[in-house]
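Which chain is which? They are A, B and C, in the order written, and residues in each are numbered from 1.
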Amino acid sequence: MGRTANWCQDCLHYWFDYETPKTLVIPDIALGCVFRFTQLLVVLYVVGYVCVMQKAYQETDSVISSVTTKVKGFASTNTSDMEPLFWDVADYVIPPQGDSSFFVLTNMVVTSKQTQTRCPEFPGPSTTCVDDCDCIEGLSDPRGSGIQTGLCDNYSSTVQTCEVLSWCPLEIDTKLPEPALLAAAENFTVLIKNSITYPKFKFHRRNIVPHINSSYLKRCEFSHSTDPDCPIFRLKHIVSEAGEDFQEMAVKGGVIGIIIDWSCDLDSWAGKCYPKYSFRRLDDRHPVGNVAPGYNFRFAKYYKTPDEEDTRTLIKAYGIRFDVIVFGTAGKFGIVPTIVNMGAALSFLSLVPLVCDWFLLTCTRKRDLYSRHKITYLSDDAEIESMSMGTAYGTQ
Amino acid sequence: MGRTANWCQDCLHYWFDYETPKTLVIPDIALGCVFRFTQLLVVLYVVGYVCVMQKAYQETDSVISSVTTKVKGFASTNTSDMEPLFWDVADYVIPPQGDSSFFVLTNMVVTSKQTQTRCPEFPGPSTTCVDDCDCIEGLSDPRGSGIQTGLCDNYSSTVQTCEVLSWCPLEIDTKLPEPALLAAAENFTVLIKNSITYPKFKFHRRNIVPHINSSYLKRCEFSHSTDPDCPIFRLKHIVSEAGEDFQEMAVKGGVIGIIIDWSCDLDSWAGKCYPKYSFRRLDDRHPVGNVAPGYNFRFAKYYKTPDEEDTRTLIKAYGIRFDVIVFGTAGKFGIVPTIVNMGAALSFLSLVPLVCDWFLLTCTRKRDLYSRHKITYLSDDAEIESMSMGTAYGTQ
Amino acid sequence: MGRTANWCQDCLHYWFDYETPKTLVIPDIALGCVFRFTQLLVVLYVVGYVCVMQKAYQETDSVISSVTTKVKGFASTNTSDMEPLFWDVADYVIPPQGDSSFFVLTNMVVTSKQTQTRCPEFPGPSTTCVDDCDCIEGLSDPRGSGIQTGLCDNYSSTVQTCEVLSWCPLEIDTKLPEPALLAAAENFTVLIKNSITYPKFKFHRRNIVPHINSSYLKRCEFSHSTDPDCPIFRLKHIVSEAGEDFQEMAVKGGVIGIIIDWSCDLDSWAGKCYPKYSFRRLDDRHPVGNVAPGYNFRFAKYYKTPDEEDTRTLIKAYGIRFDVIVFGTAGKFGIVPTIVNMGAALSFLSLVPLVCDWFLLTCTRKRDLYSRHKITYLSDDAEIESMSMGTAYGTQ
């Protein structure tokens, strides 16, 4: 035989000779029980807990969502400050489009007929003056109401303050109507339409589930216990579910989250994938050091007077902003997480023989016998011995 | 030798003696083939499928995005109800800022010159009356149009209804213009600018890819087949790609999702990371029981009459809301998922010998011979035997 | 013994006989060191790097967030084009509600007293005309300003252009005020209130951390170095942190991302979970081919003239849109990822004996001796031999 042939044969042997460990079978019922029981424990834990309970065999995807809201209801106000007014959706919902975040006006400070002129500032340590020298022309104090003109003017019969260039008359927002002007807003309802997608699974769904019919939708109102599928919410109910009192909140405003949880297991029949609603106040009820409590913003309606002058009605709007927050994770059987998790399980099974061998060699009655048969200790003596004799191994 | 030295030596032996399984090499070509083939299968499956196809070696991150939109186009309306009107972007895009969600007005019911007064309700089972006793002062029916004043008034020459305090004249929204007023909106175009970030990988990108030049951008229009990179979309094209008819949808409105998929593989040259656009109708085309079909909202423009009275023009706006929805997951080689997945693969490789041993001991011709050499059955006889003789092992 | 009993015993043996590999212990200090050292390396790598540094033992969850913003500040403008004006929040913040995305007006082109009439187009290659035949009635050029009436009109004393139906006078937006009108906007401040939730861990938090008190909040201003917890940001500071110049950006507008990173490790004491702010320009500073640079949109204020005609003031608003982008991933010890990662680690440990066996059989001095003891080569001779003698195994 040539050299190459030899090399080839070696290579073939290397690749296709099967090498398998020699094993010792011990017919010990106690040991066998320990072995099988440990295996069972690992399988139960990994398969039972990790796979079945934690659903680790699933691929996951995050929800993408689109929300449409529509508020209904009207109210009237009749206070001494203002003439009687009627309020409908176009008046109190800002912005009007019905996005996932909508604001319902509940209280306000209205400053009518503001024009761009000059007027004396509110009295304060830095604004009171005796004569024009106390006022600096062009000074724009961030805490003030406008840009000083350098003149000192009569604020009232007793107080003189610096004159400012601003929208005059200045807004007086210290006296907030209590109870809130639109206290009746608690009876408004909102219809929330929510369409979601799990792009990875090409799964689409809406919160108006198919099995509810039109007549139900016309009269229903959401309630966790009786109507959990109804997409129409009474504002008072939302606020009270969030642990707040509507009337109290209406005065200074606040932010309420309408949280829709679309966590779904898409392996079973898809009909099980329903939205779960919950409600939570998102701003601080008792803010740290009372910094900017509640929720308000200013907006203006602009008019032109008959003589073409710009005037505006400034509204400091207090109210409740509702943020519809949609979240969720869908799981569906996936080959990659299954393989990874089964691989991990197998790894743990490979620990079981280690445990059993330790038990075998330390805890069993016949441990010396087992040890002698299982383990060959290659001592120096044995080496010499094995040099002289060809077939006698394993003397310990 | 002292006791401590002994203990130390034991310890040293325990830690640094190397224990290795005794193995049996079987030069059986069939068995070798089964062994290598099974190994190959596992490697192919795990490495080929899990790693290469499913990219399980990658870390992932979710996209964060910012969207700017700009609609262009104008239209004119000329119906018998209204005087001829010209419409540009400032008139029909609400809100005007060009956020990720924008609304294009296509149809509307306009109620001009509303003032806060009293007027008779629309006739209906609960609103028709014979005299003032049928009307309850202060009643605010959610299905009505205002707050009843307690008076019964002539709605027409034949019908009397309860008078309400409201914005009068009341809106009549039963007769919707068909075809839609701004049917011409189908030719409007929208430029979508989208900037994304994968924060974990510090990867930023825009949907206006660098290789397209200014002159192309000025004349291009998105099309899946011919111009997949152009960020300018014709509204009609968007709607038809979503499987809808613009003219039909324009009448009652709807919600269309412009979905930008930024799924990226950042391992290869980054230039491969491009946005993929798709379009889908997000609201229900045929809603369950016809509840609130389409998409509309009410908003008002407020005016002051020369004698300082507040009037408003109420607009019930029907149209298409376009939601630009950006999603995506980027993957990039990561050490942790690679290790976890290779670990899982290794686990599966450890299954291969089990399979082959089973094959060896049941399916091969010489299985008895192999079994005798591989497995030592520690019978009670053997125990006794091994008691008497020190070096003869493994009698079966 | 009956057949069934036999079968049962076989079965019992099969299940409860413990099979364990025979091992050879080699008291070679070098080999032992290699073995332990390789084990140590794997453990250090997997446990140290994967688990401790990459926190692979944690379950993760994505943040859901709600943002409220409030801008403060005022400015005055005094240019030759316009009368002196005073600007406050209600004038320059659009939309006014204080959402996560807000726009601060910095520059504008105002076109007052637009009414729906007819006026000559701007001169251009396709709009100049000599007589009415050059103008097509009803033509609506997307690059034009309105719908052509078919008449040719005097644009100036020298140029005649086609007449269009539009909001007239037409907007002239070629001359943009520079420096920006509201250059003073750089000194405006914005208070950002951000409330986050990790729904999987039921963890809620706000960016106004409890340990800062009210008096601090009243005077503080965000700065990475001195006030990293202050939720009040000066616009100029935001823009300069994003690497831009406010005055330059104010002219044509732009989009700035205020990025709040809520990445948290919830295993340690929760107080460590704080927001980290960063700022980045989101639109293209030098857009490709100068296509639509900056950020602007058009909106209108509608008025009625004393004789009930609709007029509007069209404002092309340039300014900076601030997008508050909240992202983050929270990690917390979870049983599933821990098991999966430990499984992967164990798999790698099972590689160590392979390495050491290779070392044993190729690199040690006594490799032949070790090989003879460890590996039994089942040659054909051995088979014959083993046929004739019952107890002599393993001749090589």
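The criterion applied here is as follows: contacts are C-beta pairs under 8 Å (C-beta built on N, C-alpha and C of every residue); 3 or more make two chains touch, one makes a residue touch a chain.
Since we're looking at a predicted model, the values are computed, not measured.
Touching chain B and chain C alike: which chains?
Where chain B and chain C share a partner, that partner set is A.
Where chain A and chain C touch, do the two copies share over half of their residue numbers, giving same, or under half, giving different?
Chain A and chain C contact each other through largely non-matching residue numbers.
Through what angle, to the nearest 5 degrees, does chain A rotate to match chain B on its C-alpha atoms?
Rotating chain A by 120 degrees superposes it on chain B.
Measuring from the mean C-alpha position of chain A to the mean C-alpha position of chain C, what distance in angstrom results?
That pair's centroid distance is 16 Å.
Can you list the chain C residues in contact with two or more other chains?
Correct list: 19, 21-27, 62, 95, 303, 306, 340-341, 343-344, 346-347, 350, 373, 375-376, 394.
Where on chain B does chain C make contact in their complex?
13, 15-27, 62, 64, 66, 68, 70, 72-76, 84-86, 88-91, 95-99, 184, 187, 189, 191, 193, 195, 197, 199, 204, 206, 208, 210, 212-215, 217-218, 301, 303, 305-306, 335-336, 339-344, 346-347, 350, 366, 369-370, 372-373, 375-376, 392, 394-395
Which residues of chain A touch chain C in their complex?
Of all residues in chain A, those touching chain C are 19, 21-29, 31-33, 35-36, 46, 49-50, 54, 56, 62, 94-95, 101, 103, 116, 140, 142, 146-147, 165-167, 255, 257, 259, 261, 280, 282-284, 287-292, 295, 297-300, 302-304, 306, 312, 314, 321, 323, 325, 327, 340-341, 343-348, 350-351, 353, 356-357, 360, 373-379, 383, 386, 390-391, 393-394.
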